[in-house]
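Just below sit the structures, each encoded as structure tokens.
In the two assemblies presented below, chain A is common to both, partnered first by chain B and then by chain C.
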Partner chain A sequence: MDEYSWASAVGRIRILEKRFLSRAELEQLAASASLESALAALRDTTYGPYIAKMRGIESYDDALRESLAAEYDLISRMAPEPMVIAAFRGRHDFHNLKVIAKNQRMGMPVQEEAFSLIGNFDPGQLKLWLQGGLAASEEKRPRKDDELSVLRETYEATAEFEQDDGGDYGPALVALRMDALIDRAYYAWFVRVMKRHGYDSLITYAEHEVDLINLRMSLRGRKQGLDAKIMASVFLPGGTIAALDLTEAYSRDEALKELFKSSPFESLAIQGIKLTAERASLTSWEKACDDALMNVIKRARLSPMGPEPAYGYVYGREIETRNLRVILSGKLSQVSAREISERLREPYV
Partner chain B sequence: MFGGSAGAWIAMGVLVTGLVGAVGAFFGEALGGNALALMGAGVAVFVAGLGSSVAVGIAGEKAAGITSEDPDKFGRLLLLQALPGTQGIYGFLVGFLAIFRMGAFSGGMSLTLEQGWQFFFACLPAALSCLISALYQARVSVAAMDIVAKHPEESGKALIMPAMVETYAVLGLLASVLLIMFAVRV
Partner chain C sequence: MTIKVNATRQELTRLRARIKMASRGHKLLKDKRDQLMKEFLAIVHENQRLREELESRLAKAYKSFAQARAWLSPAVLEEALMVAGGPQEVSVRHRHIMNVVVPEMELREREDEQNTDVMPYGLASTSSDLDDALREFRGILTILVKLSEVERKIGLLADEIEKTRRRVNALEYVLIPELEAAAKDVEMRLEEVDRSTASRLMKVKDIVRAR
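== the complex of A and B ==
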């Protein structure tokens, strides 16, 4: 691992971290009288230049997206190995792949707002490229195991769902399986990239993320009455808890709790199982899952060198953007400050 | 520029020392005591200097990163960057003292093979302790720079932490000085 080469980037990131909005500042924004006053308060922050460029107060989403894309570009420029940031950013391309594949394989209608514009590739270009529509000269030459070739291979693998009707569960199950296939491809590629660079600590973050996705899947699966055989094709490998163990423990409460024992998500597993048994809403539990993952990734702030602070920074910016979207859309729909505050994710600082 | 990790640079320093020692072991008879003693002095200067130059480089990169975003922190960061540079000075002192004791400045070096080895080994404590402590002091300095970046009012505490690592470079220096002054018979 070449951790020394990150020294300068980490130095800059330490100062940039001061621009994060604290929990108190987010709460203050949530308590603003209106969307206009919330946007006015944001003008004094790092979002100021993007807010100033807004064409109307309802185009805040564009401003937030532009700001996040600029942050990604900034960190990629300062990173000695930009591939580490590109691999994290690639999750947006794999999200777009889900939208494209569902449209092409299942005939689901495409809504433009479903695409993420933060990824490494423009969604329109990606769609053309996946369907072989770009001239050879326009194509980025796919190197072995680079993101584009993995996206294309994964897209080709989704062809198996063309004839799948999901049986008794219908298209929802096909969509779930397709999501799982694409997530599996993303995390496998991410781990390969990090292994190639020797960044084991980032693999640990991905493992925790996979554990959390699997925990969410298992509880959603239980809620929808899916059996263990179906779940076996949905669980992602590559977490600290093996997908096979999860499948075996899937329908037994105690076994599932035991699997997550001594993991950072032990209390979440207990709480989630209880909520599912009571058939209660999982909305606040889902938020608790995001907060638990943030608490794991927050450890990156303690690393004096290496790629962890850069990874934590972009993850923190993603969550902050999501929080601002919750606040601003809440203000637009005149949701109460208390309700907005309850929906806010744990910030990075 | 200064890529890799502390382990890699320590391995390089130990390898250089080992290679020089191996040259001495195989060709000692042909080279003679004077050459062996000078090789020891050279190792002290080079290996300690290697540790310090890499360490100051890493700390400098981090300091430059912070300064590029917040130039007001330059003064506080400079002290933290300079700290791992002292080991290079210690290595130079040991090398200088060894050359002085060999009689090189008085113009007449006539050391036996045994005396040559004595000088060689007397230089090693400073060389290796300075190499290792410089690289690890750089790690602490780099971490302490985070304190300066986020809590500039706590810069004093940030300075004490890397200074603790200095102790072991000083002990290595003392060991080499005592060996050169009192254990080597010239």
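== the complex of A and C ==
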């Protein structure tokens, strides 16, 4: 932990933060007459160079992805402790691990389009490395060897899971359990990295993120009729509420409410449980969860020193990219500006 | 086309028997056509109801899917949908409606997939919109199977109604009128023969009486 080493980076990030789109700007984009006009309006923003390179108006996803990757690279370069950023970015590598592991299990060629190209590692290289295709001499282990070893351990665990499986489950449940295994590995590592660096607000953020994901998963699991035994292998470790406690309280409303009683997400838990009991849509509630997490990050951002502004910046960029995707895909499907606006998450600035 | 028969009493009896049989067949076929029409209309209404339900549920499913697609990155969506839920089994039985063999299809739950609401992806990086969309699409699959059953039934019943209608018309407008015309012709010829025999007998009687 070296808060002062972040001073220069924080200064630069404060300037970079001005490039974020405000809520008003996002609303304005949502109110554009068409996808073309929304893209034209984006040309005057930080997304301009990527929009200009688009081959067709529908390839906005590529532009958004390239922009996000560039932001990650920029922040990683200026971060004195790049692991803090790499831990967040690592979720894209673990996503790629899911693709590799699932393809391996089904014995089909890797679906390139399922790879995320904004992780710490190139997905092709990662696949070769995981499957032992890279000779030791060729193997370039970057600084984040910690992540690589977790990736490899998790990959090997998915192979063992395959053998242990014994065909008792249908393909859907096997896929769910494989993804859950990888998600658990990622979040365990993510929280570990945050704790190792010792920045309280980032630890709080990581724990809150795990808590909120666990809450969301418990309600979605109920809707899907998953039993507590399956959920025990789905709940993420590392939150303020232990996965074991969540498993025990999983099927009981009152017990679940009790678990979240002392957390900042008590009202969200009550609201979510009510919606699930009514079999109502969780769309707006999930937005409220995302907004609650954004508020945690926003509080951390106020820190004058330390990695929080850098971390908040990449998180804010992720959310902004998603908000832009909501707007642009909404424009493509001719969704009304009001509906698009309702779906937008709380922006970082 | 007219029916050519010998003007004999035996032929007349035979023709009358054929008319009776044709009229009975005509009535039966008319009843069959009416019953088929009744079944057909009920199935058409069922088809209409299913189509309306399908359209509204498709709209709902696509809306949820569009929401999920907007929030999740294409890579996450591709990864989530990499594994299909597994093959589905459709059982087909057959039923007779007025001698028409129609299929009855049913989407069977797989024994190894006890919980059909399980989605083939992890819950941590996906959203409930995707669950809703997939749940809707799965529900739609049942409707699609039912719809294909109903549409097949409609096709088969429509063919049978058309066939029966042609037979009824052939009996009503061709065979029965021709048989009746033939019978009438035979009757008239037999009456003519009777009249000529009677007059011949009267003439013979007059000749005998004159002697």
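Rule of thumb we're sticking to: the second predicted complex is superposed on the first by the 324 of 349 C-alpha atoms of A that agree within 3 Å, B and C clash if a C-alpha of one lies under 4 Å from a C-alpha of the other, contacts with A are read in each partner's own complex, and residues count from 1 in each chain.
Note that a contact is a pair of C-beta atoms (placed from the backbone, for glycine too) under 8 Å apart; a residue touches a chain by one contact, two chains touch by 3 or more.
Just so it is clear, the model here is predicted, and its values are computed rather than measured.
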First (chain B), second (chain C), both or neither touched by A:88: neither
Touching partner for A:265 - first (chain B), second (chain C), both, neither: neither
First, second, both or neither for A:183, with chain B first and chain C second: second
Partner chain(s) touched by A:155 [first = chain B, second = chain C, both, neither]: neither
First (chain B), second (chain C), both or neither touched by A:170: second
Which superposed partner A:226 touches (first chain B, second chain C, both, neither): second
Which superposed partner A:329 touches (first chain B, second chain C, both, neither): second
Chain A-facing residues of chain B, complex: 1-5, 58-59, 61-70, 139, 142-143, 145-146, 149-150
Chain A to chain C touching residues, read off their complex: 61, 65, 91, 95, 98-99, 102-103, 106, 111, 113-117, 167-176, 178-180, 182-183, 187, 213, 216-217, 219-221, 223-226, 234, 236, 281-283, 286, 322, 325-326, 329-330, 333, 335, 343
Complex contacts: residues of chain C adjacent to chain A: 66-67, 69-71, 73-76, 78-79, 82-86, 110, 112-113, 115, 117-125, 127-129, 131-132
Complex contacts: residues of chain A adjacent to chain B: 1-5, 7-18, 78, 80, 304-305
